[in-house]
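Chain nomenclature is as follows: A, B, C, D, E, F, G and H, assigned in order of appearance, with residue numbering initiated at 1 for each chain independently.
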Amino acid sequence: MVAIAPTQLVYQRPESLSDTPTHYCPGCTHGVAHRLVAEVLDEMNVRESTIGVAPVGCSVFAYNYFDCDFVEAAHGRAPAMATGIKRVLPDRVVFTYQGDGDLASIGMAEIVHAAARGENITVVFINNAIYGMTGGQMAPTTLPGQKTTSSPGGRDVEQMGFPIRMSEMLSSLDGTGYVVRRSLHDPKNIRLAKKAIRLAFETQVRGLGFSMVELLSSCPTNWGLTPLEALRWIEDHMVPVYPLQDFKVSPAVAEIRV
Amino acid sequence: MARELWKGNEAMAEAAVRAGVQAYFGYPITPQTEVLEYMSKRLPELGRTFLQAESELAAINMVYGAACTGVRVMSSSSSPGVSLMMEGMSYIAGTEIPAVLIDVVRGGPGLGNIAPSQGDYNQIVHGGGHGDYHPIVLAPSSVQEAIDLTVLAFDLAEKYRLIVIVLADGSIGQMMEPAELPPMRPLRTEYPEWSVRGAQGRERRILSSIYIDPIDEEVMNYRLMRQWSEIEANEIRYKQYFLDDAEYVVIGFGTAGRVALSAVRAARAEGIRVGLFRPIGLSPFPYAQIEALTEQAKAILVVEMNAGQMLDDVLRAVKGRVPVEFYGRMGGIMPFPDEIEAEMQRIIQVPPVLNGDPRKKWLQRFGKVIHAE
Amino acid sequence: MQNEIIIAGFGGQGVLFAGQVLAYAALDEGREVTWIPSYGPEMRGGTANCTVIISDEEIGSPLVRNPKAAIVLNLPSLEKYEPMITAGGVLVANSSLINRCPERSDISTVFLPANDIAESLGNKRLMNMVALGALLELMPVLSIQAIEKALDNHLPERHKRLLPVNYQALRRGAEFAAQQAVLAAIA
Amino acid sequence: MPVKGWIEVNPLYCKGCELCVSACPQDVISLDMEHLTPKGYHPAYLVMDGCTGCGICALVCPEAALTVYREVPQRAARAVV
Amino acid sequence: MARELWKGNEAMAEAAVRAGVQAYFGYPITPQTEVLEYMSKRLPELGRTFLQAESELAAINMVYGAACTGVRVMSSSSSPGVSLMMEGMSYIAGTEIPAVLIDVVRGGPGLGNIAPSQGDYNQIVHGGGHGDYHPIVLAPSSVQEAIDLTVLAFDLAEKYRLIVIVLADGSIGQMMEPAELPPMRPLRTEYPEWSVRGAQGRERRILSSIYIDPIDEEVMNYRLMRQWSEIEANEIRYKQYFLDDAEYVVIGFGTAGRVALSAVRAARAEGIRVGLFRPIGLSPFPYAQIEALTEQAKAILVVEMNAGQMLDDVLRAVKGRVPVEFYGRMGGIMPFPDEIEAEMQRIIQVPPVLNGDPRKKWLQRFGKVIHAE
Amino acid sequence: MVAIAPTQLVYQRPESLSDTPTHYCPGCTHGVAHRLVAEVLDEMNVRESTIGVAPVGCSVFAYNYFDCDFVEAAHGRAPAMATGIKRVLPDRVVFTYQGDGDLASIGMAEIVHAAARGENITVVFINNAIYGMTGGQMAPTTLPGQKTTSSPGGRDVEQMGFPIRMSEMLSSLDGTGYVVRRSLHDPKNIRLAKKAIRLAFETQVRGLGFSMVELLSSCPTNWGLTPLEALRWIEDHMVPVYPLQDFKVSPAVAEIRV
Amino acid sequence: MQNEIIIAGFGGQGVLFAGQVLAYAALDEGREVTWIPSYGPEMRGGTANCTVIISDEEIGSPLVRNPKAAIVLNLPSLEKYEPMITAGGVLVANSSLINRCPERSDISTVFLPANDIAESLGNKRLMNMVALGALLELMPVLSIQAIEKALDNHLPERHKRLLPVNYQALRRGAEFAAQQAVLAAIA
Amino acid sequence: MPVKGWIEVNPLYCKGCELCVSACPQDVISLDMEHLTPKGYHPAYLVMDGCTGCGICALVCPEAALTVYREVPQRAARAVV
């Protein structure tokens, strides 16, 4: 008889993902963000006590892809809805998953106040510099000069305003415990993004205040690029405008070891 | 419990507490603010949730979130604030979850003023956000009724998984009257099978108002409409005064209804055979009961603190069978009983005719009342 | 049998509280009662008023155009409400702040220096109780005792020590009204 | 001699975006032009030997379509068993 | 100008440009986004103002501000976005200034879906924010009509100083049809006497919706109501098809109306004497015209892409004189002509009775149509 | 005949104030803020080209007190309304006057986006740490521990959130040209406040972007203090939490000489 | 006289554009026409379709349950629309992507390898024009010339250079359909 | 010898808040308990000589109720004339 070399499982689809295939365009890094969140829920073993809040945006169907309880918020109001849930169920893990139109445009008041209140929720903020679901209009995060279907001549900052750096802005609020920006454009950054997501959820379970991870993400479809080109575009054009940094790590959070 | 003197707003707040409200989210606005202020003191005492939201828009979405967990939850506001809740109300309706809202109506449109009004009837009863759905709407005319209807609101909201709105006005909110509160109900410890509280040892649950395939949305809409037919059959509420032998019928809800009661009493004292029909539930609306009144009534007088919003629903019920006349005060003015009595006298002296638009006729007369011309 | 009383004056003259005391007393006596204030920003600086209705049956309108009685603590209130009172009704006017006499002869009137009487009792905030006492003398819809009981039951703890002087204020108002009535009779 | 590894691509999820293809340090993944997934995409697959089971493809895959295995070197193996 | 193939949304946008719209403020939402996208390209070319607002709430308040300067200004959105505009609309009404809004309705309630629907009828026609006021509401059924009504909307808004809403649906917005655009009108160079543009050598002007004294608010409300009576007299719009000898009347607006037209033609081809009445103005509503139809009609069939919202207004007009039946599709589904024709056939075979609620009867039948039970 | 010493006018009521007495409570520094704005409009001689936007709050009737064109906004929406006006009348001077509930609570999204867009408007922001008009409820700017009618036990930051420092937060946005905080509690600070208001309006007329002056202001009525005590309270309690600083003075603005 | 055509396939197969070309041609010919697409996110990945109605009088419903003709470029579309076509109608199916034959015998059918023909012309995106050509052969609601004129008038400038090959595609489709018809006749 | 100044208080505006009273460096302003303004407040007034016309009262007045004058010292006067 022949000796069979024992094998080891290096990676498999996380349990916290349901087995529904996503509707995202091929190569869209929304999927990577989903996967990382699911891996963290697995590692922290909180899937059964987690409630997710989906936004209105391409990730509107996020609730189909995670294997935990989920609600679907009105456009921009996810932080308010999450607040309502967390206030009556303080021992549950509550997170919102929001795009840049949802969080930084129509939902500005709700995210700022959730942060200022130090709501003990975690926000996964997908910054893809565009409105994906509605077909590529300008977002508050659209880069200067970037052409979109509602800034056909390119974003003229004098007329259409300047990109809003949400992480920088929110980190000025006392209620925030952990606010950082990461990117999903290559393996190294994906690893860092996952660490950050883990820390954000740890911040919440320890009751250390509002936590948010802003993720630079791709929209190949509306950027008119291939998935690979889109990753390059993040690196070449978005990272310079949206530096990958820790903007707020409260002392208590800094002590967390995972 | 003995009768005590309660201010309407505080009475409704305490009634909600007794009914087991677990969380309140709201934003200050006159003439409703006492509800929020009362809750800010009372709920923390009881270890329940009070939160002053950054806006009515946030408040209704916090209510939306909390309601998804299966607890009893509410907000309260007044006209402009309620307008900001329309999207959220539509989402709650589309998600088929229970919630309670108190609207203490003030004069409008726009910023208007803070005086008592019934100008939100249309927005609350007929409008109320986009899409096909109906909220249940209850209109108290006294502090006691405000208490009873607030408690009922929570029960109905839960029974039918929809929004129930208590439509009060500034005078109900600000007035003090003797009233009795129900005993404190225990908070629920078991939660509905649809509630989202974490998938502990069970399949995950999703609460959403999306039905991206119109086929599914239509089935959902159909479900809502079937349920609404059931509600129309079971949840009609009204109160009748002196109607048995009445030849003339006054119809008014809330404060306008109780002011009309004084007028009707005065007219009765003069031997006029007039009665009062006061709808308590505005949605569903007592169409059949009003239609029935057309068999005894020589004429119907509708009285409102607006430009004739419920009037249209009364006209639908009356089907042109008897003359309908209208008298309203707008913009935050409460009618005095003598104004309504005068209208009755007028109707008796000059029996009104069937044809013509009651609102237009009223406007003709009314210009003089307010010296607008 | 229904009695309507309007109490009006500057914000801060305690007109709303005086009305509430009446309402509490009516409640304790097992009567039907409504108390409805003017509310909102116009109270700031401006005038405040409340309407109290006491009745034996379910009360309809909480507002009336022509009340049976009015307590007016300043001039604007006198001008607004004196003409409204039903014939045979009662008017209590605060001569301390009103520099012209009431005009109607078809109602019984007390024109009393509420502030001065209150100050003589060492606390000018009692003017509302003085006026209330005067009203009840002319319109015994409730007994002074009932009002005292209401004060006792509903005055916030921190003010309880003021009970005796509140009683005094009521009685002084009542006495003043009684005397004036006598004078009126003689004259 | 490098560790030997391999991947499984779940055709239910793979959308042929090629991110794994370009991320693979060993350059051993490519799209299978012969087949279509139920959703109509050409799925990724292992074209040749050389996969070390590093898992980088799985790290970049937006669809969590990949499972990665590795043969345990004998020493380690004992540890495992 | 020659006929060209236009997509409804872009046609309405260009029509607004031709009508002299000076500024557009909006926020993307399907199925309306092409209006915004078109404006983002077109208006800057012309040196006019385009701004993508942070939300519909901001958009309507930007419109409010721009409207105060006396220029022609508009926004556009779809159901959930329109719900967020309710407070702003009430303020605009309370300030008595002109503004135009296009609502390209989608399936609801809540997030629902993006398919064509008429589910906003109640919110737009009867609801529409707190307080007593009415917007003028125009409902196109073709791209050409969408163009014509958009232009008309600006003229009416200005004439009466109120909000005019063009109530379209997803199919009007997304459909392409040949249509002709009006010539470009010059931008205005003179501004109304109420407009706020800086008190250069004149008394200062104030635009506000506050009337803190209810007496003043009532006078203002009265003014609005008097004006509305005038509008009810002057601004009734509808189109009639094959009605001269019709024994059966179908009533439907917008897309439902044009689908009904196909059904009516088919029925006529089979010799059935049926006609179509299509309201173009939904507010004010053609009550008198519909009441008049009861003299010739054996029965009326109301067709909508909702659960019977306009139906209530038809019932008010019909006053129970002839049987009214209802057929609706909900949640974003467009009826096919054959469904409506089948309903007509049914009505002819089994003449409907006067009593009973048409909506309930429909629900009974409809359950089978969608296999919901 | 006797020689009369010639006299000199040291101060008189500014022309840009109408002659309507205000409805503000005695000693409320809303009135001081009004006066300073009016003085600046006089000095810059722009009264006739100025359009003011009043908020919903105690200053809801501001339009009665200024002798220039005015509109009244919905609660919190003044910046959106001002944007609508300024976009069609770019050569007019447009300012909003907003309280802390109006600007920092319900109006958060509109003020942030107006700032991010670099809207060429001037915002006079009255921070009195409370909701005045509605009778003294908690504002986002209410101090920790401060008792209000909706935080009867004092503001518990854990439950009710932390004070929001609007000037600090907005200054992180690229669209802002001039963002400073001043106070109205004594003559020296009133003088500094006026200078700041002047600079803010100068920023606008030069098209240098969004300008805002946050003014620490008193609410004797709802604080339950005398007007004089209220001024002390600003100095003793508000200034430590809301430092009086320049948070954003763009280079171009720094060069303005007046 | 009204003709309804449904064109359906995967997003990206150019079904919406093919419909628009039909509509433009109808417009240029002075006919009434409506073009209505399926719209929204479901287009992403999923299938797209549009309905074109060409008529001589004002068009009522822009949608019909039973169209006179359908062009189906993938299997799901075949399954959805084949049963819908009115008897005597026309079906054009893309055999390049559809691995089963159409079933109905009461309609005239063309089963043509649109992708392959297009690729043989050097550009597989032309498959929609190939199919359109085939349709018009069996249902001459508009002439090929009219379509060519429409392409000429409405193809965006940057694509004008592709006009000739588009014409070719139309004709190749038409020819294929003609032959198949002949064969069918013989068989 | 200090400059001589004086103030006028407009009773239409003054609300007797006393901010000028406490701000006045010379301590020469106080409320007039003898009179009530139309709005019912005791207005501020100059109780005694000593006003230098520094204008600080006007600076703190929330109601813009104050007008401040100053006698021009002779030298300056010429300049003025």
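Just so we're on the same page, a residue touches a chain if its C-beta (ideal position, glycine included) is under 8 Å from a C-beta of that chain, and two chains touch if they have at least 3 such contacts.
Here the structure is a predicted model, which means the values were calculated and not measured.
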{"item": "Distance in touch steps, counted as few as possible, from subunit B out to subunit C", "value": "1"}
{"item": "Longest centre-to-centre distance from subunit A, chain (CA-based)", "value": "C"}
{"item": "Maximum inter-chain contact count - chain pair", "value": "B-E"}
{"item": "Distance from subunit F to subunit D - Cα centre to Cα centre, in angstrom", "value": "61"}
{"item": "Between subunit G and subunit C, distance of the C-alpha-averaged centres to the nearest whole Å", "value": "88"}
{"item": "Centre distance in Å when subunit A and subunit D are each reduced to the mean of their C-alpha atoms", "value": "26"}
{"item": "Whole-Å gap between the CA centroids of subunit B and subunit F", "value": "39"}
{"item": "Residues of subunit C engaged with two or more neighbouring chains", "value": "41, 45"}
{"item": "Junction residues of subunit F, two or more chains touched", "value": "25, 60, 72, 74, 105-106, 108-109, 113, 133, 140, 160"}
{"item": "Subunit E, residues touching no fewer than two other chains", "value": "30, 51, 54-55, 57, 80, 87, 91, 95, 110-111, 113-115, 208-210, 212"}
{"item": "Subunit F residues touching subunit E - in the complex, by the definition given at the top", "value": "18, 47-51, 53-54, 60-61, 63-64, 66-74, 77, 80-85, 87-89, 92, 109-110, 113"}
{"item": "Complex contact set, residues of subunit F against subunit H", "value": "5-14, 17, 19, 21-22, 24-32, 34-35, 38, 186-187, 190-191, 226-228, 231"}
{"item": "For the subunit B and subunit C complex, residues of the former touching the latter", "value": "3-5, 30-31, 113-115, 170-171, 174-178, 255, 258-263, 265, 334, 336-338"}
{"item": "Contacting residues of subunit F [partner subunit B, same complex]", "value": "56, 60, 72, 74-76, 101, 105-106, 108, 131, 133-135, 137-138, 140, 149-153, 159-160"}
{"item": "Subunit E - residues contacting subunit A, complex", "value": "27-30, 33, 36-37, 40-41, 44, 51-52, 54-57, 80, 110-111"}
